[in-house]
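Presented sequentially are two complexes of chain A, the first with chain B as partner and the second with chain C.
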Partner chain A sequence: MAQIFHPSTNTISRFSIFGALFAVAGLLWLVLFMNRSYYSTQVNVPREQPVPFSHKHHVSGLGIDCRHCHTSVEESAFAGIPPTKTCMNCHSQIWADAPMLEPVRESYRSNESLEWTRVHDLPDFVYFNHSIHVKKGVGCETCHGRVDQMPLMWKENTLQMEWCWSCHEQPETHLRPRDEVFAMGWKPAESQAELGPKLAAEYNVRSALDCSVCHR
Partner chain B sequence: MADMTTKLPVGGASTPIIEPGHTYGSVTNKITSIVLSGRTPRLWYVGIGIGFSLVMLLLVALTNLLFTGTGIWGLNVPVGWGFAIINFVWWVGIGHAGTLISAILLLLKQDWRTSINRFAEAMTLFAVACAGIFPLIHVGRPWLAYWLFPYPNTMGVWPQFRSPLVWDVFAVSTYATVSALFWYVGLIPDFATLRDRSKTRGKRMIYGILAMGWRGSAIHWYRYETAYLLLAGLAAPLVISVHTVVSFDFAVSLVPGWHATVFPPYFVAGAIYSGFAMVVTLAVPLRALYKLEDFITAQHLDNMAKIILATGMIVVYGYFMEAFMGWYSGSQYESYMILNRMTGPYAPQYWLLLFCNAVVPQLLWSGKIRRNALVLFLISLVVNVGMWLERYVIVVTSLHRDYLPSSWGMYSGTIWDWSLYFGSIGLFISLLFLFVRFLPMISIFEMRTLLPTSGKPGK
Partner chain C sequence: MKSNRSISWNRNRAVLGVLATLLVLAATGCRQDMHDQPRFEPLERSSFFEDRKAGRMQVVGTVARGELNEDAHLHTGFVGDDLATTFPFAMTREDLARGRQRFDIMCSPCHGRVGHGDGIVVQRGFRAPPSYHSERLRGVPPGHFFDVVTNGFGAMGDFSDRLSVEDRWRVAAYIRVLQLSQAATMGDLPGDVKSEFQDAMGGAR
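This part shows the complex of A and B:
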């Protein structure tokens, strides 16, 4: 009987069996790699906004405190997005005619909020609370990075759960004195390994790993 | 078990396990012609028609489930486990017969397994496929079911390894993998036979690829036998371990009626019991449809009926122990649980289950009944129903009366629960009919070793 397959089929089939193994492993690696890539996490990607608001200019240039705009960060889960009125406090006098600020003035006239693009957006099943983190000595910078150096806002961290977890397991590695929470570029005078546990004891910070801490 | 296996005839002691007069050629012709002749019995079309219609029902029910959510089921507090878990346990249990026949009976050198092992293994695979649907949809968001596997995810957490539900994932996926490998390796020499006997190039190509270059040389056979024995050795412990782990889903909890040490052996016996019942349910119509009485003889029916009877008695011991422990434990919750089963709102199901699993199989003490294909078929159907009811009673009666009367409730399946259940049966039937049409349902080369002319059987 005639051969059905060419002799080269042997090599092809052997190769495809081993090849499939590598292909599957490679595909899995690719998926896990993509999950953590800047492309999918949007880390280090400056986002377009209706008005190109610069934290760099307002924070390091003018020295405005975070809480001037994000007023509820110490008392509430949500740090707060300032109303247009907050902008207009100054911009009715300074750069009052700048074309770049027209959407702000338009919002003020029409009483319609500016629709900012949200940069730090957690899933709805995560009940993150800013106030407790501020009270326990976690600096703005710890999660949001050097906001005073960002012309347009970007995410400094992935906000993926493994990132939350890394601090919730060992909170003392990321604590600073309460006075320094809103400071940018703060460095501990002594080593964090000495300061962290002291602050953790003083502020009664424990590792908080129960599911229900963040998921209700 | 030991006593039973020694009594099973080896190589045709009382009644032959292959009718006399067959030669190598006639065995091969008979089995390959089912696949290659193209003369498909009309009843085959009827069978797959029924199966396929039920598959459509399954697809409708699954679509509704995915779009609407698990609210279409009858589940609610306090009965949070219902048809999905019942059906899962039922199907996994049915799957156990295939591995028992192929692995354990192989290691015990029970030659009669040869006529039934191929389609029992296929049945195992299809039953596990049906079983796999239910935990998948029971998680509520099946598109996230991969979370059950430990992989370096961005959440930074692992599955809860202390939970038997995670053990289940490993047990069932291991079982599915090993069963599939075992089945496929066993098919390779037969694929080569089909390849060599096929008339058209397309069939030759397909069976040729599946045969993986099998030429039947001595080194091929040597490697084949080694691999098959190794796989049998791997699969044999799985017969015990898989349903043990399934029983842990219940036994590791603290629910009265679930938290019992008798559960693992009781579940394993129940699995083999229901699995053999399903093999009989399939074997009797198939042998009539394809006129395979020469290969699946009365001796096979007799042996399978004996296993059904033996494992059925172990299951009945389990029922007895549940009642006994209700009294002996002195726990008011345990004793209430068993009294509630016997006299509560689900008492009809409980007594029907005892009738199906404890009373009807007693008929099998009679050799005449064991060798009567029709009666045995009917008994196997009763056992299938009984084993489904057993899981229903275990799951529902234990949950519907919680510790506090304020959290008592009732449960019944909705039309969608039933649609999914019957749909899964349809999937099973469809896969099985496709299998008998396109693959040799009886192992050709192993049947040849049973012929008197073949000398001493190879294994």
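This part shows the complex of A and C:
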């Protein structure tokens, strides 16, 4: 029987045994890369919503405080999505005939909830709590980005564990005075390296790395 | 000898094939059960209830713990049939600061930071609310403001779901502060504030 492979293929097979190491490493890298890609994390990807609500307009255009609508952010785990009534407080008279707002009016008439598409959805095994972060001086902007510049809502950060960890390990790098928590575009007057540890001491903030801090 | 090796090779291949099939099956079985556990997050949609809301409304008439609301003065702003002329609890400086904060968050978009009824939403076309500094509103008792925040008034919806009972009183108290601030005379200022003010105004009186 004639040989199927030419002797030169020996070189190729030797090379591929050597190269397999790189192939496996490359595959691992690909998985990690995919896991962190915008495609997978949906970071910077605006979501379709039943009404194209603009935080940019309401926050930087009108200067409305976050807590006007997200009323439970200071007391509860959940920041709160406003009921249709909150929208209608103003939109009963402003843009009252705008076709864009018809789903809001329909919701108000029928008493059926608007079904928003969730942008920030943590896995159910993570027990995130807004109120404690707000009380300890973590700004809205720190996690949610410049919401006042988002015409449509998108995720600014991955919300992956390595991202949470980066701040839980060194919280002082991300703290701001409590008065500035709801401000957008805040910058420390002094350097964060000086201010952060001061605030951490004042607010009694320590790095929180126990599993049970977030997982129960 | 040769046939034995061939059999074992075939068997190996068969085992590998089965393993590969299992791996593929296992991979297709990957689900997000841990990510989406069978419990509801706030405001999550439910396929069980007819109105599709996982969060259930209280049955009408339910009295939750701490919500007996026995104190009419505190919870309605009325004493008997009349609007309360006093506050149900003493207003401290902290209460006023909290009232100011809540006022700025909830009320200032329409009423304006100082209460002239010229907030940004009014500038964009909403019917202007009356100024707090009118003769009429300077004369109403604090219970009036509490009642309006609790039940709404005219074009204004109620804020009872967004401001706690105590916070509504604090806001009412802060409205009193605003009224005082706009009608204050030089004589009302304490000495050190007066000189500071005069310096700021370039010595004008």
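To be clear about the criterion, the second predicted complex is superposed on the first by the 211 of 216 C-alpha atoms of A that agree within 3 Å, B and C clash if a C-alpha of one lies under 4 Å from a C-alpha of the other, contacts with A are read in each partner's own complex, and residues count from 1 in each chain.
Here is the rule we go by: contacts are C-beta pairs under 8 Å (C-beta built on N, C-alpha and C of every residue); 3 or more make two chains touch, one makes a residue touch a chain.
Predicted model, so just to flag it, every value in this text is computed and none were measured.
Visitor: Which partner does A:124 reach: the first (chain B), the second (chain C), both, or neither?
Guide: second
Visitor: So, A:10: does it touch chain B (first), chain C (second), both, or neither?
Guide: First partner only.
Visitor: As a test of reading the superposition: which chain, chain B or chain C, is in touch with more residues of chain A?
Guide: Counted on chain A, the partner with more touching residues turns out to be C.
Visitor: Output check: A:115 vs chain B and chain C. Expected answer is one of first, second, both, neither. What do you get?
Guide: Touch partner of A:115: chain C, not chain B.
Visitor: In the overlay, answer first, second, both or neither for which of chain B and chain C A:93 touches.
Guide: After superposition on chain A, A:93 lies in contact with chain C alone.
Visitor: Contacts for A:158 in the overlay, against chain B (first) and chain C (second): which applies, first, second, both or neither?
Guide: first
Visitor: Could you say whether A:68 touches chain B, chain C, both of them, or neither, answering first, second, both or neither?
Guide: In the superposition, A:68 contacts chain C only.
Visitor: Between chain B (first) and chain C (second), which, if any, makes contact with A:35: first, second, both or neither?
Guide: In the superposed model, A:35 contacts chain B only, not chain C.
Visitor: Using the touch rule from the top, collect the residues of chain B that touch chain A in their complex.
Guide: So the residues of chain B touching chain A come out as 151-157, 195-196, 201, 204-205, 208, 212-213.
Visitor: Quick check on the complex: what are the chain A residues that touch chain B?
Guide: Per the touch definition, chain A meets chain B at residues 1, 4-5, 9-10, 13, 28, 32, 35-36, 158, 160-166.
Visitor: Residues of chain A touching chain C in their complex?
Guide: For this pair, the touching residues of chain A are 62-65, 67-68, 71, 78, 80-81, 83, 85-86, 88-90, 92-94, 112-113, 115, 123-125.
Visitor: Would you mind writing out the residues of chain C in touch with chain A in their complex?
Guide: 34-37, 39, 41-43, 45, 51-53, 104-106, 109-110, 120-121, 124-127, 155-157, 161-162
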